[in-house]
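Several structures are given next for inspection.
Here subunit A shows up in two complexes: once beside subunit B, once beside subunit C.
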Partner chain A sequence: MTEGRLVLGPFNRVEGDLEVHLDVADGVVAAARVNAPLYRGFERMLEGKDPRDALTITPRICGICSISQSAAAARALGAAMGLTPPPAGEAVMQLIHAVENVADHMTHFNLFFMPDFTRPIYADRFWHGQALDRFTAMQGSAQRAAVAARAELLHILGLLAGKWPHTLALQPGGVTKAPGARDKVRLSTHLRAFRRYLEEVLFGAPVEDFAALASTDGLKDWSRGDAGLFLRIALDTDLENLGRGAGRYLSFGAYPLAGGHAFRAGVWDNGPQTLETSAIAEDLSHAWMLGATAHPLRGMTLPDEDMRDSAYSWCKAPRLDGRPMETGALARQVIDGHPLAVDLAIRGGGVLARVTARLLEIARTQILMEDIVRDLDPAARFMEAGSLPDQGVGAGLVEAARGALGHWLRIEQGRIASYQIIAPTTWNFSPRDSLGIPGPLEAALAGTPLRPGEETPVAVQHVVRSFDPCMVCTVH
Partner chain B sequence: MNLLWLQSSGCGGCTMSLLCAESPHVFDLFADAGLNVLWHPALSLETGGDVRRILADILAGRTTLDILCVEGAIARGPKGTGRFQMLSGTGVSMLDWVRQLAPLAGHVVAVGTCAAYGGVTSAGGNPSDATGLQYEGAHAGGILPPEFRGRAGLPVINIAGCPTHPDWVTETLLLLKAGLFTSTDMDALGRPRFYADHLVHHGCPKNEFYEYKASARELSEIGCMMEHLGCVGTQAVGDCNIRPWNGEGSCTRGGYPCIACTAPEFEEPRHPFTETPKIAGIPVGLPSDMPKAWFMALASLSKAATPERIARNATADRVLVPPTIRKPRR
Partner chain C sequence: MSQIETFYEVMRRQGITRRSFMKYCSLTAAALGLGPSFVPKIAHAMETKPRTPVIWIHGLECTCCSESFIRSAHPLAKDVVLSMISLDYDDTLMAAAGHAAEAALQDTIEKYKGNYILAVEGNPPLNEDGMYCIIGGKPFVEQLRHAAEHAKAIISWGACASYGCVQAAAPNPTRATPVHKVILDKPIIKVPGCPPIAEVMTGVITYMLTFDRMPTLDRQGRPAMFYSQRIHDKCYRRPHFDAGQFVETWDDEGARKGFCLYKMGCKGPTTYNACSTVRWNEGVSFPIQSGHGCIGCSEDGFWDQGSFYDRLTNIKQFGVEANADQVGMAAAGVVGGAVAVHAAVSALKRAQKKTQDKVEG
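Presenting the complex of A and B:
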């Protein structure tokens, strides 16, 4: 197709439901509209409930970022209670959260993103045989190694959090299980096994070497492991210039530990800026939602059951100071000042940048997880008691694998009066706002080239999946 | 055997849990068992038109559908249209897709409590009017009537759990493939009995605390969580403490209560999840099959007999007092 409209769906290998509408002109995407076609209404379910029930309900928004939802709910409640976990409890919470984020990055790379390069459309490329061998869906040798390594990594959550997904181990005052010395050595064992997988399979080299890459040029020379295969494919298919971002990034800061966030909070708009969360507002003009643009502490979720024609998604459009923001591993690493991520962002922040940032973060987080376990003191306290106020407000701002996740809670008469959630993909896959400004994915898709006769353009799929969308979180 | 997996109104967590299968991992297990995945929304290559053609081939009878797995509840709203979840690219609601596909399937498998009974998707005021496939909560009849049967003659198989244990799903599929799963292998709520004939209480590491009603008062204390913290492991079906999760975990091993996620309507317990409802200081819920008077008598007797070791440990976050070591008889 060179002119006309395309509707893409079912759009799979994204978490949840996604439909993409394209206007095509001159063989490229002229405009894109992104529809999140599933509404469940979690925010409405929570109204009137005991505030503690948010710890059971909100993880079940999402089976892939369940811990992130737990962590945001625990922080929002803790803020309302004036309660913070003791340092050791906080460290274990962050370890639990880091394991989920790394597992999600692994799942994205191996199961969601790479299989697109096994498509017959690439049969003439020099790397296609390798891609087939490694990433054929449900059969490829890399996929099989990845699910095995991921399952073993998640034993850490069996040990610390009872199970994954959907744990109740993360609480406003800390974690429900105090790990002993025996747990500590077992945790180290699981992390050593995971490092072995990373160094033998994903990177083919010490994780420190990948984490030390400082420029796009250095990155392009990386030849080892599945990361090397990805980079050969990325260079050949020009993923660097595909799906470029607007250069505006948001991070709430990941892994708050004794010395501050391991990956710092902030905003990047062609350079570092400070984050003012009071400037966040959700625009409902193109969402099947009723109400005015509002900050999440004053916002509400009232679905437009008539699904008016001027709207096209159940997803609201969050804006920071009126502007759409991209969030995720690339945003986090740019805002944290990692030189490779900053260089990738300055050079356009496209598909190559987003996928590389996830690999970079896997390497950096492995080192962080090892540090947390090394410093774990089994004699410490892991939980602090507290009590719920009759009235109060609280915000829980964390970083899920896919980016900035916020819960905003208002308690009245001991019950939840309002609960609003902005998930990472709500930011990334937001529809247009009242000024007609498209969301980050919609903007990134503009200009994407189509091949003649393509019904579900493969380049569009690369761009969409480069964001690692979580659609079940998006609308919640 | 051809298997089609659809994700309806849920969180995708049962698939994420399925990927935690081990010995062997899920891809080897499917391949070894001869389970041919026609399409899975998180795992398959096919996107867009290719998926629509897979579905069209099933509807037209060109492809045999042996097992239809549905993960997630079915949204009926708004106003009975099902438009709260459209299967993208098809212009058709998931409600209509499942109603069309279910009669064509040899077996229909509801993966997770949402698909079985509505689950968390139907919590609170049930904003999307969601229900399970063949049950609405504990009542027979969801989007499929109580008398619905798959082509092979079974009602919807309800692998309830939030999420499902990976082995509950893989073993149900293996039993179906082997022809070893019949109606007598399902309990009264359609759950596979191989895990639903057990209680979460079985194998719970807090059993000694339970025996003496030595109770934790706050989360993080290692005593029994039945008296104060909402644990219903003595009533909830599941082999969670017999065959643990993610290596060696379970809810109670993780220090938090069982909330009976395998049961219909667990999402609305009518009390805070982590608080036990009581009347005159006595917990309302009794262990399964236990006469109330006996429970009361045994509880007061055992509470009075609690050894100091167990009483002290119950309210600590780790074992403070070890068991006394007996000297060997000479």
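Presenting the complex of A and C:
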């Protein structure tokens, strides 16, 4: 197709449901509108409930990043209670969160992103045979290895969090499980096994080597492991210039530990800036939601049951000071100042940059997790007691695998008076705002080339998946 | 039927060795609580029976059931089951996208009419004519009805499909409704839990694929082999309950010693599930073992029973049929009014959606 309109959906291999409407002109995408067609109303269910119920209910927004939701809820409650976990409890909480984030990156790369390169449309490429062997959906050898390695990594969650998905172990005052000396040995065993997978299969080299890459040119020379296969494909298909971003990134900061966030909080708008969370507001002009543009502490979730014509998604449009923001592994690594990520962002921040940032983050987080386990002191306190206030507000800002996740809570008369959630994909897949400014994915899709006759354009698939959308979180 | 392969052929084609296959058969027998004499029976069934196709669809949910499923304890069991269902339809894991995916679903339904198992993850929201969950331009409830029409049996995965789960929590904004309240004319097996334990999922599906019949169900429609005992019955902290040794606050001396979590709101005494025996994440642990009480996620209505940290004496006992019905009736009553008010508006909206006008089946 070279002219006209195209509706893509349902998307498979994304968490939840997604529809993308494209206006096509001269063989490229002229404009895109992203629709999140699933709404459940979590924020409304929470109203009037015991505030602690948020710890059980919000993780169930999403079965893939349930710990991120759980961590944000615990933090929001903790803020309202004036409670912070003791350092050891915080460290275990961050370890639990890091494991889930790494597992999510693994799922994205192996199960969601790479299988698109096994499509027959690429049959004439020199790497296609290798892609088929490694990444054919549900059969590829890389997929099997990744699922097995991931399952073993998640033993850590079994051990510390009791069950996954949907753990209950993360509390405002810390974690319910105090790991003993024996647990510490088991934790390091699982991490060693995971390192072996990373170094033998994903990177084909020490994780430190990948984490030490400092430029796009250095990256392009990486030939080993599945990362090397991805880079050969990326160079051949020009993923560097596909789905370029606007150079605006947001991170709430990942893994707050005794010495500060392991990956810094901040904003990047073609250069580093400080983060003012009071400048966050959700615009409802193109969402089937009623109400005015508001900061999440004052905002509400009231679905427009008429589904008015001027709107096109259940997703609200969060903006920072009126600006749409991209969030995720790339944003975190850019804001943390990692030279490779900064270089990738300056050169356009396209599909290559987003996928590479996840690989980079897997490598860096592996090192971080090993550090946390090494420093674990079984004799330390892992939980502080606290009591719920009758009135109070709190914000829980964390970094999920897919980016900045915020919970904003208001307690009145001991009950939840309002609960608002902005998920990473709400930022990335936001619809237009009242000024008509498109969300990050909508902007990144503009200019994407279509091949003649394509009904599910493969380039559009790459761009959409490079954000690792989690649609169930988006609207919740 | 001759054109459908046997399970054994499928497995061999997927690169599973004869040795692994036999191992799988004995594992299956063990997992299902059957004696060694059943191993050759299972093997024979899988060598001779045509494969039962499985269609796996997702409604209003969080995909936690799929997440649980893909990391089942025995990699072999998972590989085998995944290879059995890979030929058919699963919209989270499959390769196809967009219209190709819809066509694949249609093809599978046509090809195996009356012969496939429909696995449902999540549930349909009925408010606004199902507009809160649109798949391929149509409300999920239509996809569900269509796929169910020609199914041999239905598996309701998880608390969402079985009971509604948290998205049905008061005021149930979208009127999320469990599968058995929408599909009335098919055998439905409920595998509740949020999510269900991976081994329970593979166990149930293996049983159905292997023996071509439903496992024995309890009166709530759950497979008795996994849901006939309370968490409390087999809890490793049970001796502390009997001895009156309880955790009083988080991370206190009792918590460090692994005392009973009853006073912290544990719902183990009223929850029927296999967590305390099969455990989670490949048998590593389960919530009580990590120091948090059970919230009863495999019981109907667990999401709306007061605080999860209230002691059991303070709440109504759930898991009791009469009470479950009352909860369901109350929810239906509340949303009934809302539906009538908005029906006209929604009908107009439907007319605007071109893609929705496609004729069904």
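By definition in this document, the second predicted complex is superposed on the first by the 476 of 476 C-alpha atoms of A that agree within 3 Å, B and C clash if a C-alpha of one lies under 4 Å from a C-alpha of the other, contacts with A are read in each partner's own complex, and residues count from 1 in each chain.
Keep this in mind: a contact is a pair of C-beta atoms (placed from the backbone, for glycine too) under 8 Å apart; a residue touches a chain by one contact, two chains touch by 3 or more.
Given the structure is predicted, the values throughout are model-derived calculations rather than measurements.
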Just from the overlay, do subunit B and subunit C fit on subunit A, or is there a clash? clash
Check whether A:265 is in contact with subunit B, with subunit C, with both or with neither, and answer first, second, both or neither. neither
Look at A:340 in the shared chain and tell me whether it touches subunit B only, subunit C only, both, or neither; answer first, second, both or neither. neither
If we overlay the two complexes on their shared chain A, which of subunit B and subunit C does A:162 touch? Say first, second, both or neither. both
Contacts for A:60 in the overlay, against subunit B (first) and subunit C (second): which applies, first, second, both or neither? both
Of the partners subunit B and subunit C, which touch A:76 in the superposed model: first, second, both, neither? neither
Which of subunit B and subunit C A:18 touches, first, second, both or neither: first
By the touch definition above, which subunit A residues appear in both interfaces, subunit B in one complex and subunit C in the other? 7-13, 15-17, 19, 37-41, 44-45, 50, 52-53, 55-57, 60-64, 66, 111, 115, 118, 136-139, 144, 147-148, 150-151, 154-155, 157-169, 171, 173-178, 303, 305-307, 314, 381-383, 385, 455-456, 461, 472
Which of the residues in subunit A end up touching subunit C in this complex? 7-13, 15-17, 19, 37-42, 44-45, 50, 52-53, 55-57, 60-64, 66, 89, 111, 115, 118, 136-139, 144, 147-148, 150-151, 154-155, 157-169, 171, 173-178, 303, 305-307, 314, 381-385, 455-456, 461, 472
List the residues on subunit C that touch subunit A in their complex, please. 14, 60-68, 70-71, 75, 78-79, 82-83, 86, 91-102, 125, 128, 131-137, 165-167, 169-174, 176, 194-195, 249-251, 255-256, 275, 279-282, 284-293, 295, 297, 303, 306-309, 342, 345-346, 349, 355
For the subunit A and subunit B complex, residues of the former touching the latter: 7-13, 15-19, 35, 37-41, 44-50, 52-53, 55-57, 60-64, 66, 107, 111-112, 115-116, 118-119, 136-139, 143-144, 147-148, 150-152, 154-155, 157-169, 171, 173-178, 180, 303, 305-307, 314, 381-383, 385, 455-456, 461, 472
Taking the touch rule as given, give the residues of subunit B at its contact with subunit A in the complex, in rising order. 7, 9-17, 19-22, 25-28, 30-31, 37, 39-52, 75, 77-79, 83-90, 120-121, 123-128, 130, 162-163, 218-220, 244-257, 259, 261, 267, 272-275, 317-318
